[in-house]
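Per-chain numbering from 1; labels A, B, C, D, E and F assigned in written order.
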Amino acid sequence: MRILLANPNTTEAVTETIAAAARAAAAPGTEIVAATARFGARVIGTRGEMAIAEHAALDMLARHAEGCDAVIIGASIDSGLRAAREMLAVPVLGLTEAALHVACLAGGRFGTITLSRRSAYPLREMIEGYGLMSRCGGMRAVDANPLDLLAAPERIAALIEAAAASLIERDMVDVIVLIGAVMAAMPARVQPAIPVPVVEGVSAAVALAGAMVRLALPRPRAGGYAALPARELVGVDPALASRFTGS
Amino acid sequence: MRILLANPNTTEAVTETIAAAARAAAAPGTEIVAATARFGARVIGTRGEMAIAEHAALDMLARHAEGCDAVIIGASIDSGLRAAREMLAVPVLGLTEAALHVACLAGGRFGTITLSRRSAYPLREMIEGYGLMSRCGGMRAVDANPLDLLAAPERIAALIEAAAASLIERDMVDVIVLIGAVMAAMPARVQPAIPVPVVEGVSAAVALAGAMVRLALPRPRAGGYAALPARELVGVDPALASRFTGS
Amino acid sequence: MRILLANPNTTEAVTETIAAAARAAAAPGTEIVAATARFGARVIGTRGEMAIAEHAALDMLARHAEGCDAVIIGASIDSGLRAAREMLAVPVLGLTEAALHVACLAGGRFGTITLSRRSAYPLREMIEGYGLMSRCGGMRAVDANPLDLLAAPERIAALIEAAAASLIERDMVDVIVLIGAVMAAMPARVQPAIPVPVVEGVSAAVALAGAMVRLALPRPRAGGYAALPARELVGVDPALASRFTGS
Amino acid sequence: MRILLANPNTTEAVTETIAAAARAAAAPGTEIVAATARFGARVIGTRGEMAIAEHAALDMLARHAEGCDAVIIGASIDSGLRAAREMLAVPVLGLTEAALHVACLAGGRFGTITLSRRSAYPLREMIEGYGLMSRCGGMRAVDANPLDLLAAPERIAALIEAAAASLIERDMVDVIVLIGAVMAAMPARVQPAIPVPVVEGVSAAVALAGAMVRLALPRPRAGGYAALPARELVGVDPALASRFTGS
Amino acid sequence: MRILLANPNTTEAVTETIAAAARAAAAPGTEIVAATARFGARVIGTRGEMAIAEHAALDMLARHAEGCDAVIIGASIDSGLRAAREMLAVPVLGLTEAALHVACLAGGRFGTITLSRRSAYPLREMIEGYGLMSRCGGMRAVDANPLDLLAAPERIAALIEAAAASLIERDMVDVIVLIGAVMAAMPARVQPAIPVPVVEGVSAAVALAGAMVRLALPRPRAGGYAALPARELVGVDPALASRFTGS
Amino acid sequence: MRILLANPNTTEAVTETIAAAARAAAAPGTEIVAATARFGARVIGTRGEMAIAEHAALDMLARHAEGCDAVIIGASIDSGLRAAREMLAVPVLGLTEAALHVACLAGGRFGTITLSRRSAYPLREMIEGYGLMSRCGGMRAVDANPLDLLAAPERIAALIEAAAASLIERDMVDVIVLIGAVMAAMPARVQPAIPVPVVEGVSAAVALAGAMVRLALPRPRAGGYAALPARELVGVDPALASRFTGS
């Protein structure tokens, strides 16, 4: 199986880190192909950058999805997820959506932990948009950034463990979900100190991509995700424009 | 007062039509400045085109919002609305969001009518995202497209009147909301035959833009819409990139 | 434009204060006409007084709405709002409903601050009744009364600033809504210290009244707000009874 | 046990009918005392009349609740219910609230049937206000009025049976709730033809009043229903004003 | 009236305690018949024990419900409640469901207090399942077990009073609901110190059982609670199997 | 990988059919071990039978889960799912829960189709319990039973296709979920005629079991699914009782 790991950030080093995590999580025989967005934020953090990443994600998929069995959008904001599902014939997974569904399957209510406070605002909107708010017991941020995480992982790990303890004690959650591609290596570090399952998006998306590929659901010809007849787009990459020819 | 009417579709003729409707709705002394997206769909209709329009809307605002007192996103999908609110210091209104809030202020529950069935899928997600689903009594589509509307407005008007009658009778709504910029001239035509108020987005957004400008709320320095420190973006229009310098 | 500011409290001094705030908020050329309830509480505070004010608000509107282009119910409890919308042909706004919708249009989730703890109970019911609970991030009370506010506004301002800081920090709201007609002058005082937009009801209602008058929506002839055929009422003011003659 | 049946309509004949139904439903030894509102609609039907009835209900209770062990508000709109709970030390029941809770205790989801279409609009708001919307499977109206019911009960019964059949078949409800005081005698007539339990408000309120009296819950001294210190009201009946003296 | 108090725990001493509480709460002339589960947990505490108790409750009712006018499931987890409603022709009440509905009828929002933290997890699922989550203002546990309660009731009472004070102050609830059959004697002890009504399940269920018996709703012949045609069960007690013969 | 397919019905022929479907869906190298409940309904259909199956499922798992890497509860009612998650250290999947999450990952809103009308009542409660009601666009039943399905699959297929068409057209769903273990072979038959993805539980559960095994989440030591200290159970199978020894 071949999975495209498409990073809507424009930093290749981030792509490589996520791809490595995806490879570590993948079953033998699963190939991870990585791509990096051609335009947009180095590290998506604002609503404006998220808006640009919606486009950048599709631009990237139009160029790289060919020949892949599944696609994973490699950022916690699940950039372009719905549009990609409409555009492609193969399963598309988002890191956060995948992690939340895995958390539900593990049972009970989940609590989320983000690195930055700021990313908790759109995260709440995403959870609401996925219809999973009643499964969410609480949200925490450790008020750090990806550089902090790289520089002092053990300090961030301690903050995450404290946030998890608070979610378990005060908000009575049953599962901890770490939000963000940069969190991929964190469960291995913090799980021993956290008495409930810790889920993160990269491994969750890889695992669910395998499940969805196995199920081989057909592309819709009706409903809100069906392809529409040929459409004219201007000013976008030809590879992307060619995806709207209605076939 | 000067309002930017920013059309995230790439068809100038559509821009002109919406701008004309906005001018007809505006109070004396209000100037409507119009802009058209530089890239994306001729007429946004798919999720993929919506994703691209998120970027195109910001790109357009970065070039044209200077010197305006308010901005209206001129498409029913409210492309880039949240990002624009984060990026700009002036009020930003979306056609659909504005129409839904006006409908709420008119009282009771509303029913929506879209031209195409397809646009009803993301519309539902928008209503949920705005937290207004409990005010929505029903949704209808008349299964037409903008060209039908131009070619045979009286036929579309009849379909809208029938859909409204069904919403009032079966779903017991108190207000009808016509969704879509192309609907701007329709209330004048159908209101006599529809026994509850008919709201559409262009006039609603113009009216609410006036109200929001009058209230002069300050730009947030905290929360999920505050500007972040300077950020590096690559591959986007310099005008847009300059909006992320953190000032 | 002529707006009736109808105070369902029976204290004229309160009416004058609110009317002054409304005049300060109104656009040039907007006339504010004020009226005070003929019966009921000096300052509405209990559920019993709210029940009486439902009647008193209508009684007042029946006497004073003639010749006005819009009506604002001048108390945070929005007394008689739905009934007034049914009874009158012109737009009717409530302070709290207006403030909540303005907060939504400013983006994100709002937090409310009331003077008294007691008024937070019915406020929650109002927010639920308006269908906006999912937009409400938190509620605070500063445990003061209107006399405190008049006697020591700077002390109350400090309490409000602290409550706002807590709402922004703990509940992650994007907008602060000050509840209560007596709060009208407070945003000017506290906004500099609060890093997100501060909304209050009098200015919100005046601004939205302007928008609704401009939209000129017709009176419903169907649905839950249409006038019913002539009805017999006994024991009420003749001006009020005459409003139920079905015309 | 002595129960005050307080009819917020101003028609004594209606009071007598409801009181007779309450007496028929009451356990031996339960005395039903009836009162009629002193002002307001002959038969409450509009939102304006509902607003007036909020006051009229309290006015009536202030005069008649003395010496009673419980109070039932005898109209489907549950006029003044929350205010009465705050004002009185004894249990207060509303017809519709009582019927909905009995329906929940009978199991599953309920469907409501109102005589008039118009009363279904505020009924939905009531169900939402009681937090029971997720238990409501559907709502129907038979488009009749109380006079129709008196003149041709068997015709109305047939309409109710048809509405119930539709609710059971299409909306899969488990219990039928007949809304309105005038429905009190209807279950005996329609139950044989309706294959699920049929609940109506008068008997439900009488039965639950017995339960609440037995439980003898104390009057709150805190929270949103506690009495407030002495308050000044003007222009209301002295009996009512005396209820706000804070004792 | 004869009420079966069916304890799905397998400890007879618990049954006797609950039955004594039920007898104390019952009206004169009401006979309480008690039964104890034949298999399962001594004191139900885990999800596994709850699953077994679903069966054990039905097994017990099949043997003991004959000749009773109503049934009360005597554990806070309301074991087998829905199945018992389907299986029996008489009203069936659960301790927690009954307490929650009584709390709603007392007005406003309720807060729950459980002895153990662990029982709060399924309690939340029960409240959601009953559709009453919007009426729930908060949940607390005192982190004790039934033995603690027996050994040192005054200490547990103090913990409950503190939890109630927190619910009233922080979560603004209007009613306290004590969860668990062992709480039956607690309201008499803590009510003086708690300024809002304190409800518990045994007395609530006994009172509502009286109301439901009085209403004499018929057994459904349609919907989700109707008996199905004869069904074959294997490996269960003959008394239970005979309940599925379709009559 | 070894998966226990535990059928809570007591009919071995059903077990064999489901196990065959599971084997057809499983990846190479996945072994499916099947078990049949020792007591309860031949085919679970009533709420009473569901209650018994809660126990029967656990009884079966206690005997057969040893040595398996994951467990699938092989009935649409997901009997004992939460209890099994608490009791076992390996992932536990339910047919309906799995199918609903797969449907969510395929995008948009789903519509469910059950064979019998009766099973739609508890299905709705399950969807609500999983917190997924906002993703559910509609529910249909084809009013058949498993024997009909075996005797005339093409007739049932036609009914399912009609129900799916109605869900897609009227309720605008994006995915069809077939509910029930007996539906396992149906997607292959109906998918060509249904223009949106068709999901069923057996293949969904097998695929997600693979994903969950790969993720290797640890057993919780806190929260609502952690094992409790040793507990005394009476009257149950020793294999089951031994699962409550707290280790």
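Just so we're on the same page, a contact is a pair of C-beta atoms (placed from the backbone, for glycine too) under 8 Å apart; a residue touches a chain by one contact, two chains touch by 3 or more.
All figures in this text were calculated on a predicted structure; none of them were measured in a lab.
Of all chains, the one whose CA centroid is most distant from that of chain D is A.
Chain E and chain F, compared by their mean Cα positions, are separated by 29 Å. Between the Cα centres of chain C and chain E there is a gap of 43 Å. Residue positions of chain C touching 2 or more other chains: 82, 85-86, 108, 121, 128, 134, 172, 174, 223-225.
Pairwise, the chains that touch each other are A-B, A-C, A-E, A-F, B-C, B-D, B-F, C-D, C-E, D-E, D-F, E-F. Within the complex formed with chain C, the residues of chain E that make contact are 108, 134, 172, 174.
Residue ranges of chain A in contact with chain F, taken from their complex: 25, 27, 82, 85-86, 91, 93, 97-98, 101-102, 104-108, 130-135, 168, 172-175, 191, 195-199, 203-204, 207-208, 210-212, 214-215, 217-218, 220-226.
Those residues of chain B whose C-beta lies close enough to touch chain F in the complex are 117, 120-121, 124, 128. Residue ranges on chain A touching chain B, taken from their complex, read 10, 38-42, 45-52, 54-58, 80, 82-83, 85-87, 118, 121-122, 125, 128-129, 223-225, 227-228, 231-236, 240, 243-244.
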